[in-house]
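The data blocks that follow each hold one structure.
Two complexes come next, and they have one chain in common, chain A, joined by chain B in the first and chain C in the second.
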Partner chain A sequence: MRLERRASVPWALAATAPLAAIAAALALAAGLILAAGVNPFAAYAEMVKGALGSRLAVTEMLTRAVPLMLTGLAAAVAFRARLWNIGGEGQFYLGALAVAWVGHDLISGLPPALGIAVLMVVGMAAGALLLAGPAFLRLRFGVDEVVTTLLLNFIVILFVGLMIEGPLRDPLAFGWPQSVPVDDAFRLPDLVPRTRLHIGLLIALAVAGVVWLILARTVFGTEARAAGFNARAAEFAGVSLPRTIMGVALLSGGLAGLAGGIEVMGVTGGVTTTMSPGFGYAGIVVAMLAALHPAGVVAAAVFVATVFVGADAMSRATGVPSFIADVIVALALLTMLVALLFTSYRVRR
Partner chain B sequence: MIEALDLLFNASLWAAVLRIATPLIFGVLGALLCERAGVLNLGIEGIMTMGAMVGWLSVFLGADLWTGLLIAAGAGALLGLLHAVLTVPLGLSQHVSGLGITLFASAVAYYLYRLIVTVGESPPTIVPFRPLDIPVLSDIPLLGPVLFSQAVPTYLALLAVAVLAYVLARTPLGLAIRMTGENPHAVEAQGLDPTLIRIGCVMAGSALMALGGAFLTTAAFNSFFPEMVQGRGWICIALVVFASWRPGKALLGALLFAFFDAYQLRLQTVVEGVPYQLFLMAPYVLSIVALILVARRAQVPEALMTPYRKGER
Partner chain C sequence: MTTVLHLDRITKRFGALTANDAVTLELKEGEILALLGENGAGKTTLMNILFGHYAADEGRVEVFGRELPPGRPRAAIEAGVGMVHQHFTLAGNLSVLDNVMLGSEPLLRLRSRRDEGRARLMALSEQFGLPVEPDARVARLSVGERQRVEILKALYRDARILILDEPTAVLARPEAQRLFEILRGMTGQGLSIIFISHKLNEVMAASDRVAVLRGGRKVAERKTPETSPEDLAELMVGRRVTRPRRQAHAVGAPRLVAEAVTVQLDGKTALENVSFTVHAGEILGIVGVSGNGQAALGALLSGIAAPEGGRLTLEGREIGGLGPRAFIAEGIGRVPEDRHAEGVVGELPVWENSVLERLAAPEFSTRGFVRRAAARAHAAGLIERFDVRGATPETRIRLLSGGNMQKLILGRVLSAGPKVILANQPTRGLDEGAIAAVHAELLAARSEGAAIILISEELEEAVGLSDRLQAIVGGRLSTPVSAEEADPRRLGLMMAGVWEEPEDAA
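The block that comes next holds the complex of A and B.
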């Protein structure tokens, strides 16, 4: 018995894999819910109710899905080219900080639509620059980007702490340190009145479309995929590896930075060091569940957001610690990895 | 300035260096063992978190400290087995599997912790390992308190360096492990099973990582709290590269690193007007600088991250 790589992946199989992975993850996590003395079916029912049970719940869940779509796209773009960007969390925070800084009073007076566009570029630039560093170190010195991007997450969060306790501190915020807020003119308008859901959702969907176009319909997208599939063959075929990797890094970092910027403009207004419940890391799971496909990212982000928002409600109702959400998401990553084995290989006797 | 120099001649600084280095020594040895056999183990951060939690929990529930360490090591080995099964026989991406293990292990550790300690409650404490004054030797001025008055697991860590260095360099088993990391096909030609060797190394390495985590809760501190590993695992991954995959150099790297960490903690108290975050950044910045310095002449195990399938080239 041996494994043989499939020449092409049947469409139905590719779509079934993430569903099977999620089912397996939920089944495995049920053991831990039982350990808390709660019926897993009741717990999962509370979870669905908490994330999808009312208009308000759905808007909260979608609000949470917006940054996950963007960090998920960031990871998908990078992983396709085998650029291991694990620094989404840091890029998210740097994008958020840059947007709060520029958006507070540096561009006052711009028309709102223009100001928001400028701030989106600012967030992207901050994230892109942050990933350009590790990409440069890999290309120039051969330094593994996994470790550098991971370590940069810690450095950036400390830097954010430094800035919001120092130069960018909001003098009007009492208690916990918070950065100065983005000018009200540049806050993203609500998508559904009297909820937190903002037009960032439409922006994220549009960005997913653009990323899909870039990956599927441009030379750059093809080169990026070739670089990931077989770097040596790609170079032999005339793909400039340094240029492609750097381009991928700028796009990936930019997307994660944009996630932070949108979160600031749409939800929090200012930056705190606890504003992300691990959006950057969860983005990796989103990308993997989506099999690195932009359309899949949107769906996977909705799933992960459902788990996170639902777990909070379930925790309040049943007393099961809300860390169960992190367990489910992490398990989904591992089960998806195994499921991908079945989609890309088949067993031959 | 004088004060900053004075700190260097304080025995407590040097004693702290060994104490801070201990979890790093365990972690870096664990990562090194996995990588020498050809498997990158990015599960380290989560495995250390799990080790810290399980070590603390066992003692909190009534086990003695040594049993706590043993249970922590066992938990680490189990997580290692999971990583090994996914990456060795199944040949899945070592990057993604490792990150998955880290997310999974930390989430489960926090979940179990929250089952016992509710939000807002202050973390329950245990009686940790006390420094062991070795008779006579610990009375030597300066050297005594630094080298001979440490918690026992610290001596264990130093012993582990020597054992691993010996096994890797001088025994048939060590040769087989190194060969598995360089050329698994050659191992198979010798009639050995590279898959089994890799699984064994990842399990043993993960047990060492968990011991590093457990040292935090059973010796360095006396309780568990979320986020307590603080990237030590990632720093260990960087230190392995810095150490060129050699146990002796890994010890040196861990000590050097711990020295800067201990020194910055004390500098914070004498240097005024510098935000404390800059001091806290130092270890992470240092790790990146260390990586850049050695990257060019790094002697990466030839088959690191290359899955081995029988008969496949």
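The block that comes next holds the complex of A and C.
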């Protein structure tokens, strides 16, 4: 038995691969649910009901999908150019912290719309700067960015802890380690009244559109793709690798930072060290499930959010630990990698 | 003589493509058989079936009179068939001895019998004249040395029939000659050899018999002494192919001038004190054995490497080290040495590859957005004008054959109307038909007044196309000779580093 590269990947195959991967992940996780003594079908039914069963459930799920879309886009942009940004989690937190700091009282008095725009830029800048360091180290000294970006996550989370225990501590939080909140004027308006769903959803969808436009239609996007596939040939053709990689890094870090900023402005108000259930890491799964395509990222983020939100409901109803959500998402990454193998290769005997 | 190998009406289809169509082939003991054909004629597929990598759809393989079970390389090895692939299958981080012994011992044996293995390897190395250093790490070996390891690996497994897939594709000419001497020695000791090639001169020089494949069918079989290169070329291509000839014409003013240029590559001086002048409407050929500084010269003229010393000027302006983008903007077209590694981005479609060098030009982008319609139209034009077969603008470029990919790269360069063209090994790995097409295009660009630098290891090509020639030896360039003065003896001396320096040279 051997694997043979396909001449071209049929469109239908590429589209069904993520669905097959998800089905396989759910089937594998069913084994664990069974081991927990629960009928998997009943458990999954609870999960779907918990995430999609009511208006409130759907808005909760979409609220959860917003940061995943943005961190997913961050990973997709970077991975396309073969820049392995594993630091989405750190960029998310730094973006969140910067927005809370600036948005608390530094820009008071600005009109709300302008203030929100400023804070979005602040969040992006924080995330972008955080990834600029590892990108520079890679370009200048060949330091592996997988290691630097991954380790920076822990440094940033500890730094956030330091700040919210110290200078940015919220005095009104009764001793809870929480940062000062963003000024109420700059909180994102609700999209659906009396739910937590905010206009960040529209922002994330618009950003996905813009990212698609950049990647597919601009000179920069084309050069970034070329550099990702074959850096030597791109350089030979006159693409400046340092500029392209740095541009990709700023965009990717900026998107993950924006995710953190929007989460603060839209949901939490202030920053805590537990505000992200791994949005940065889950963004990698989202990007892979989406085969690095921006439109796919939106769909994949909705799927991962469904699992996260639904698993809580399932856990309450059936007693299966909600950690099953992490297991399903992790399995989905593995099955997707296998599915990608089968879309680009064909098995021959 | 006994027949050691018999392929009987082998047919293999890949989807709609019939790669081998009822091919029958026999190999006698002690014989060197050349399997000749253009790229895509089905040579490698046939050998992969023989070796058990593929199972044939129809037909049988018999080795020493016994039928081989299809699709089992191990059975082929046990029957005494050894294969040396074009792309070597060695583990670079292991030693030569490790690589040779790997997989030859039972999995469950606790301790590797390395001393035995070493003695056997050294004995084989001695017997067949294939010197190797058993403890050297394979990653540090030259390509020629790696090929020796591959051959020893097959011999270590008691191969009596050796198959070599394009063995000279990666070798410089003297190494190739040495290889064929070794192969001849092996047949003297009773081994039988098939080598795959599309190079006529080596087939003529090294084989006893030639089988010609075209379009998956065996179209002819000849005893080598009874045929001629012209005869074989026609059989291989299916029509008469003649390489175009250079017509004398007047050259123009100096275009690209290098004065005492020195280039460092990976911390070593790769070009030293190199000077040349290319005029408009002239082809300057740079000949030499590979590894003598061609890579550095290519990098310098592509804009990748900056000169450490000396001047590189285009029409009097210094351009050394400005970078690929500036070189392209200045009208220097570059055909890189390695198509796949440098020439194209394989995963991108033809249209994106055709404009990648000039994305920033107003023709192909406005305000940072790619003008996709214009780029696609440009690609379609290149496909049409340069006869790129099997391509549409949407085809992923890695699916093109080497010759068609090269025609597209050449088209990309020529369509920009370059002042200077760097053609670095432009026909390496191409078949006769494609070579003729590439030569015709280069000569056409010359008549239109382009200044062309042709770096080539193929003497015949360099002499046929160039107005003047310089040899590259150890990172230095000889003084130029005109094509008329360039007889083989003089070129040979130049490539060996013997030439007269002019009186006024510093």
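Note that in this section the second predicted complex is superposed on the first by the 343 of 349 C-alpha atoms of A that agree within 3 Å, B and C clash if a C-alpha of one lies under 4 Å from a C-alpha of the other, contacts with A are read in each partner's own complex, and residues count from 1 in each chain.
Here is the rule we go by: a contact is a pair of C-beta atoms (placed from the backbone, for glycine too) under 8 Å apart; a residue touches a chain by one contact, two chains touch by 3 or more.
Keep in mind that this is a model prediction, so the values were computed, not measured.
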item	value
Three-chain arrangement built on chain A, chain B and chain C clash or fit	clash
Partner chain(s) touched by A:V327 [first = chain B, second = chain C, both, neither]	first
Contacts of A:L34 with chain B and chain C, given as first, second, both or neither	neither
Contacts of A:A295 with chain B and chain C, given as first, second, both or neither	neither
Which of chain B and chain C A:L106 touches, first, second, both or neither	neither
Partner chain(s) touched by A:L158 [first = chain B, second = chain C, both, neither]	first
Which superposed partner A:S8 touches (first chain B, second chain C, both, neither)	second
Which of chain B and chain C A:A206 touches, first, second, both or neither	neither
Clash-bearing segment of chain B, relative to chain C, as chosen among 183-191, 255-263, 273-281 or 291-299	183-191
Set of chain A residues, in rising order, touched by both chain B and chain C	none
Chain C residues touching chain A - in the complex, by the definition given at the top	53, 55, 71, 302-304, 323-325, 327-328, 334, 336, 341-348, 352, 356-357, 359-360, 365, 368-370, 372, 396, 399
Of chain B, residues touching chain A in the complex	42, 82, 86, 90, 92-93, 95-97, 99-101, 103-104, 106-108, 110-112, 114-115, 230-231, 234-235, 237-238, 241, 275, 277-278, 280-281, 284-285, 287-288, 291-292, 295-296, 298, 309
Interfacial residue positions of chain A with respect to chain C in the complex	2, 7-8, 217-220, 222-223, 225-226, 229-230, 232-240, 349
Residue ranges of chain A in contact with chain B within the complex	3, 32, 35-36, 84, 86, 137, 141-144, 146-148, 150-155, 158-159, 161-162, 165-166, 281, 284-285, 288, 321, 323-324, 326-327, 329-331, 333-334, 337-338, 340-341
